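Next come two complexes built around chain A: one with chain B, the other with chain C.
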Partner chain A sequence: MRAEWTKLRTVPAWALALPAAAVIIVLFGLFPGMQGSCGKPGSATECKPTTGPDGVEVRDSFAFAYRTLDGDGSITVRVAALTGELTDGPGLVPWAKAGLMVKDTTEPGSSYAAVMVTGARGVRMQHDFVHDKAGRKTPLAWLRLTRAGGTIMGEESADGTQWTVVNRVQLPDLGRSVVAGLFVTSPQHAEEDSNTFGVKGARGGPSQATAEFADLAVTGAWQGTQWTKQHIGGPGNGPGQGDPAGGQPGSQELTLTGSGDIAPAVTGAAGVGTSITTTLIGTFAGLIVVVVVGVLFASGEYRRGLIRTTLAAQPRRGRVLAAKAAVAGAAGFVAGLVAGAIVVYAGREVLQSNGVFIPAVPVATELRLIAGTGAMLGLTAVLGLALGMLLRRSATAITAAVVAVILPYLLAMTVLPTAAADWALRVTPAAAFAIQQSAVEYAQVANVYTPVDGYMPLSPWAGLAVLVAWTAVALSGAYYRLVRADA
Partner chain B sequence: MSGVLRSEWTKLRTTSGTAWLLLGLVVATIGIGWLATAVTTCTHSDCFLDPTQLSLTGVQLGQIVVAVLAVMLFGNEYSTGLIRLTLAATPRRWTVLAAKALVLTGPVLLAAGVAVAGSVVAGRQYQSVPFRLTPVLGTVIYLALIALFSLGLAAIVRSAAVAIGIVLGLCYAYPLLAAATGDPAWVRRLLQIGPTTAGQNIMSTVDPETLAHAPWNGLGVLALWTAGTLLTAAVLLHRRDA
Partner chain C sequence: MTDKMIEVNGLRKRFGGHLALDGMTFGVHSGRITGFVGPNGAGKSTTMRVILGLDRAESGTALVGGVPYRSLKRPLTHVGSLLDAGALQPSRTARDHLLWLAHSQGLGRNRVEEVLEQAGLSAVARRRAGGFSLGMRQRLGIAAALLGDPWALLLDEPFNGMDPEGIVWMRGFLRSLAGQGRAVLVSSHLMGELQGTADHVVIVGRGRVIADSSVAGLLARASSGLVSLRTSSPEAAAVLTGAGASVREAEDGTLTVTGLTAEQIVSALSARGIPFAEVSAHRATLEQAYMDLTRDAVEFRAAEVSR
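Here is the complex of A and B:
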């Protein structure tokens, strides 16, 4: 093993190539073009979304008709109609929401629980932005929300007499006096642009929804008799967005129009900002470098005839292969680890100073990104080594490794339709790019969840396992050829 | 010169990989293009589908096969030490580079012609790919330029392995960076200067306004990359020890 390390260390080009791989990854990550803030280019314009109760960035924008509830109480309503408006005419987005809400304050980002009907996702009970529970799949329903201390219960009914509990949730942050009432909101309409090869993009735009509420009834410690109407989180972004309107204050019927979303902030087509994964874009260049080094580390032995000396000194050929793999893998891992650590932290600084919003990620995720980049480089170096031992021709082996690891990734990011891109990133070694995903996918947030937006089809560790499997297959092939064939 | 040409032609012809790589170019290009046209459906009336470009998707893989062929032509001479013999036989070194370029261009043009024409014909089974001269002729020239570019790079770095690494890196860097970059001005700039991204404008038959370059201008950018590389290779070949 020390012999193999010396071989790797003392060839000047290889010794330089590994730090160079790290430098390339860092340079790509700090590339100046990655900027823009909520679509606005320029520095120091970073837009910071509201932060929710758990510290997660959220969007909190909706039309609200509320009264103060000073203690316990309940509110019942029938959602009689829910209609919507898109940029190009009438239409209701699947996650348009209308229903009842109990919220700590009218401040965006404050703790809440809500029971609602949606455009196409049935009755839901959601609280504190990231939690979501489904009820019946029905477009319209009777809804009831009951508050008892920190416990909120949401119920639904088809006829107003038979009630079913959707969910019971605890809101520890809730004060004694809360605001409660009716709300309507309608998130950005987003869909993938095409199902084809070629130019990819997302289409969509703002939307708004209008709900007609009827049979409004309250019991408990409600203050006043007037419903205050307000668009929480600033004016909405709907096509003909006006103030929440309609209905007589104090009556049992009310019409409300709203636009926005009550959900965790996501990156991608329908979201804001860019994920920290973007800073790791240079990984592909580092992978090419370690493939070249890995292949040359193998084929160099054959070209110079050194392999005969190596095998004479260590007749157990499997150990030679193992030692070479360990050295190449460790060297690649360290290069990736260093590059990942620099680029994740320095890249964030650069992007933020350029005005790009980057959602906060847990430390565990940051560590996974950094260690994962190291693992990708290490494994790919071993894959290159194995292909070099197997094919013994450097140009062919390098091309095979690069085409296997990077071409599927490139095609998935640029021209492949999503279905094909998902498959390419499931079965090829390029699946390992999943280890670099930092964006979190929420079922209750309408967004375009595609690889190009940073949402990989496999979970991070499963993706890395695919690369491990391919490397193991290549290594077995290399072992077989090394043991069976003459050197 | 004819002697040099003949010797280079013999080297290319008798290397076992050449025929396979040229066959690989044809099969990979037509195969992927056929697959792409077969699985693609246009669900929106306004989806930006360019049938010609779609049928030429296989060029993405075909260009890599071409690059491998080109870097081996020069790189292998360095790895075996044959280059010293070659240069001893032909002291005017630039003629070696010119001869290699010429003997490489012929077979590549021929195979690329078959591959591109085959892709268009195969694509017509599923999509309405028009017979147009510009994208077909231009893509054949594109592949030849990629071959010459790779050849020049191999002569500069004197190693097939490093050269193929650089060619692949340049192929991927521009489109990937453009996909990751948010700023539209930078995206356009990247697509304009990348050798492959600029050159591939030739495959497009849609409105030139939406492209980074007009088709032939884009191919011109790739030609500049190639010319610069070959020129550097010629100077370095003349100046350096082999």
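Here is the complex of A and C:
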């Protein structure tokens, strides 16, 4: 092992290439050429995002008609109609929401529970932004929300007599007095554009929804008789601003128009800012470097017959391969680790000073990104080494490794249709790029979840496991050839 | 160190349809230089690779100090080898090349400096091996072979590419190594390179041993009896024939005699008072002995190819 380390470090080109790989990643990460509007005059609210009860960054913007409820009580309503408008005419986005909500305060980001009908996702019960449970798949329904202490129960009914519980949730942060009432909101409309070969993009725009509520009824200690209409979370993003309108105070019917979203903040086409993963954009270039070093570390043995000297010095061939793999892997890992650490922290500073919003991620995620980048570089170096030992020719092995690891990623990020990109990032070693994803995908948030936007088809560890599997296969092949053949 | 040896016994190996080793059997004893001689393609390098565990023989055994090379824990401290002086990473320095080998055997930097000194490479230790001449690479290869202070050395064509000065150095160096009690196996396709160096020769052809003998024995066999002399006396031939020799007469009065040594011829002629001059015994060279022995193998090969 020490001998192999000496071998690696005493070839000047290789000894320089590994720090160079780290430097390349850092350079890509620190100069992403991205500009944002945060921190500039007229900064949008998105730059200081609302945080929800769990510290998750959230969007909390909707039209609300509420009264204060002291202690326990319930509210029942029938959603009679839900219509919407997009930038280019009438239309309802799938995640337009209208229904009942119990919320700690009118402050955006405060704890809440809501039962609702949606544009195309049926009846849902959601609470505290990230939790979502589906009810019946029906466009319109009777809804009831009942508060008993910290427990909120959401029910739905087709006829107002037969009720089904959608979910019971606990809101520990809830005070004795809460606000409760009707809400409507409609998130950014987004769809993927040009889903063929070619430049990728997404199009969309603001949307708004209007709900007609009827048969409004409450039980419990409600203050006043007037429903206060307010657009929570500042102006929405709908055309003509969601001005809570319609209906007479105290009546059983009410019409409300709203725009916005009540959901965890996401990055990408329909979200705001960019994920911290953006700072790791140079990883592919670093991978090319380590893959070349890995291959040459192996094929260099064969170019001039050095392998005979090596095997004469260590006749146990498995050990030779293991030592080479350990050295190449460790060297790649350290390069990736250092680059990842610099770029995740320094890169964020750079992006933020450029005014780009980056959602905060847990420390565990940051560590995963950094260690994951190390693991990617380390494993890729080993994969290169294994291919070098297996194929023995530098050019062939480098080509094979680049085609296997980096090409699928680059294609998926540029020209491949999403379906093909997803498959490329599932089955090829490039799946390991998943370890770098930091954006969380929420089923209940409308967005374009494509690899380009940082949403990989595999979970982080599953993606890394794919690379591990490929590396293991290549190493087995290399071992088989090394042990079986004459040197 | 004295009783260890390299034993090769009945090695057979086939490359495709070509029989590279055909029952190769010989031994390399410590304390002497064994020349391993044969035409190109006779199986010398293959045999060495099999000894070093690099190639696998189909049958037969190759043992170093009684065990297979592959079972040695720190093999370079048992057997040092130089197979191909060009087997270097060109951008690595001579010192670093030796350093990784030293590390592979648990040896330190000091040992590297020692062998650099021994091989006369201290001055160029920091230069990249890629810029070395073949002669310098051979020296580096020798340094690498000596790194583990082994009791046996396997050197494949170490004289290749060396200048005359280098060849003299190498010969002296190998002699001193054998003098220290090491077993030294030196292959060459030129017998002349080994004359005055090897104590013992194993001559191979077509994958098997043709002769395995001391150099002195080989020479004695090959020089078995040609003596030439000049005389003006017509009786000389008859006298020598009478003494049991067979004589061939050339027109210029030169006699070529077989069956009697030069001393016997001189005493026979002197006793009869026959005048003569220029008695010379043909001392065969190793080269001639080798050519005689391998002629069959080479000719057979040529015939085989032309068929």
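Heads up, the rule we're going with is that the second predicted complex is superposed on the first by the 475 of 487 C-alpha atoms of A that agree within 3 Å, B and C clash if a C-alpha of one lies under 4 Å from a C-alpha of the other, contacts with A are read in each partner's own complex, and residues count from 1 in each chain.
By our rule, contacts are C-beta pairs under 8 Å (C-beta built on N, C-alpha and C of every residue); 3 or more make two chains touch, one makes a residue touch a chain.
Please read these numbers as outputs of a predicted model, since none were measured by experiment.
Peer 1: According to the stated criteria, A:Q162 is in contact with first (chain B), second (chain C), both, or neither; which is it?
Peer 2: In the superposition, A:Q162 touches no partner, neither chain B nor chain C.
Peer 1: Contacts for A:T225 in the overlay, against chain B (first) and chain C (second): which applies, first, second, both or neither?
Peer 2: A:T225: touches no partner chain.
Peer 1: Once chain A of both complexes is superposed, is A:L411 in touch with chain B (first), chain C (second), both, or neither?
Peer 2: Touch partner of A:L411: chain B, not chain C.
Peer 1: Does chain B (first) or chain C (second) touch A:A420, or do both, or does neither?
Peer 2: A:A420 sits against chain B, while chain C stays out of touch.
Peer 1: Contact-wise, after the overlay, does A:L306 reach chain B, chain C, both or neither (first, second, both, neither)?
Peer 2: The second partner, chain C, only.
Peer 1: After the superposition on A, what does A:P315 contact: first (chain B), second (chain C), both or neither?
Peer 2: A:P315 sits against chain C, while chain B stays out of touch.
Peer 1: Please tell me which partner, chain B or chain C, touches more residues of chain A.
Peer 2: Touching more of chain A: B.
Peer 1: Quick check for you: in the superposed arrangement, does A:V452 touch first (chain B), second (chain C), both or neither?
Peer 2: first
Peer 1: Would you tell me the residues on chain A in contact with chain B in one complex that are also in contact with chain C in the other?
Peer 2: Shared contact residues on chain A (touching chain B in one complex, chain C in the other): 13.
Peer 1: Of all residues in chain A, which touch chain B in the complex?
Peer 2: That would be residues 13, 28, 31-36, 41, 193-199, 274, 278, 281, 284-285, 288-289, 291-292, 295-296, 299, 303, 356, 394-396, 398-399, 402-403, 406-407, 409-411, 413-415, 417, 420, 452 of chain A.
Peer 1: Touching chain C in the complex: which residues of chain A?
Peer 2: Per the stated touch rule, the residues are 2-7, 10-13, 300, 304-306, 308-316, 486-487.
Peer 1: Spell out the part of chain C that touches chain A in their complex, as residue ranges.
Peer 2: 49, 52-56, 69-72, 75-76, 81, 83-84, 86-93, 96-97, 99-101, 103-105, 144
Peer 1: Under the touch definition given earlier, write down the residues of chain B that touch chain A in their complex.
Peer 2: Touch list, chain B to chain A: 17, 36, 39-44, 47-50, 53-54, 57, 60-61, 64, 67-68, 71-72, 75, 79, 160-165, 168-169, 172-173, 175-177, 179-183, 185-187, 189-190.
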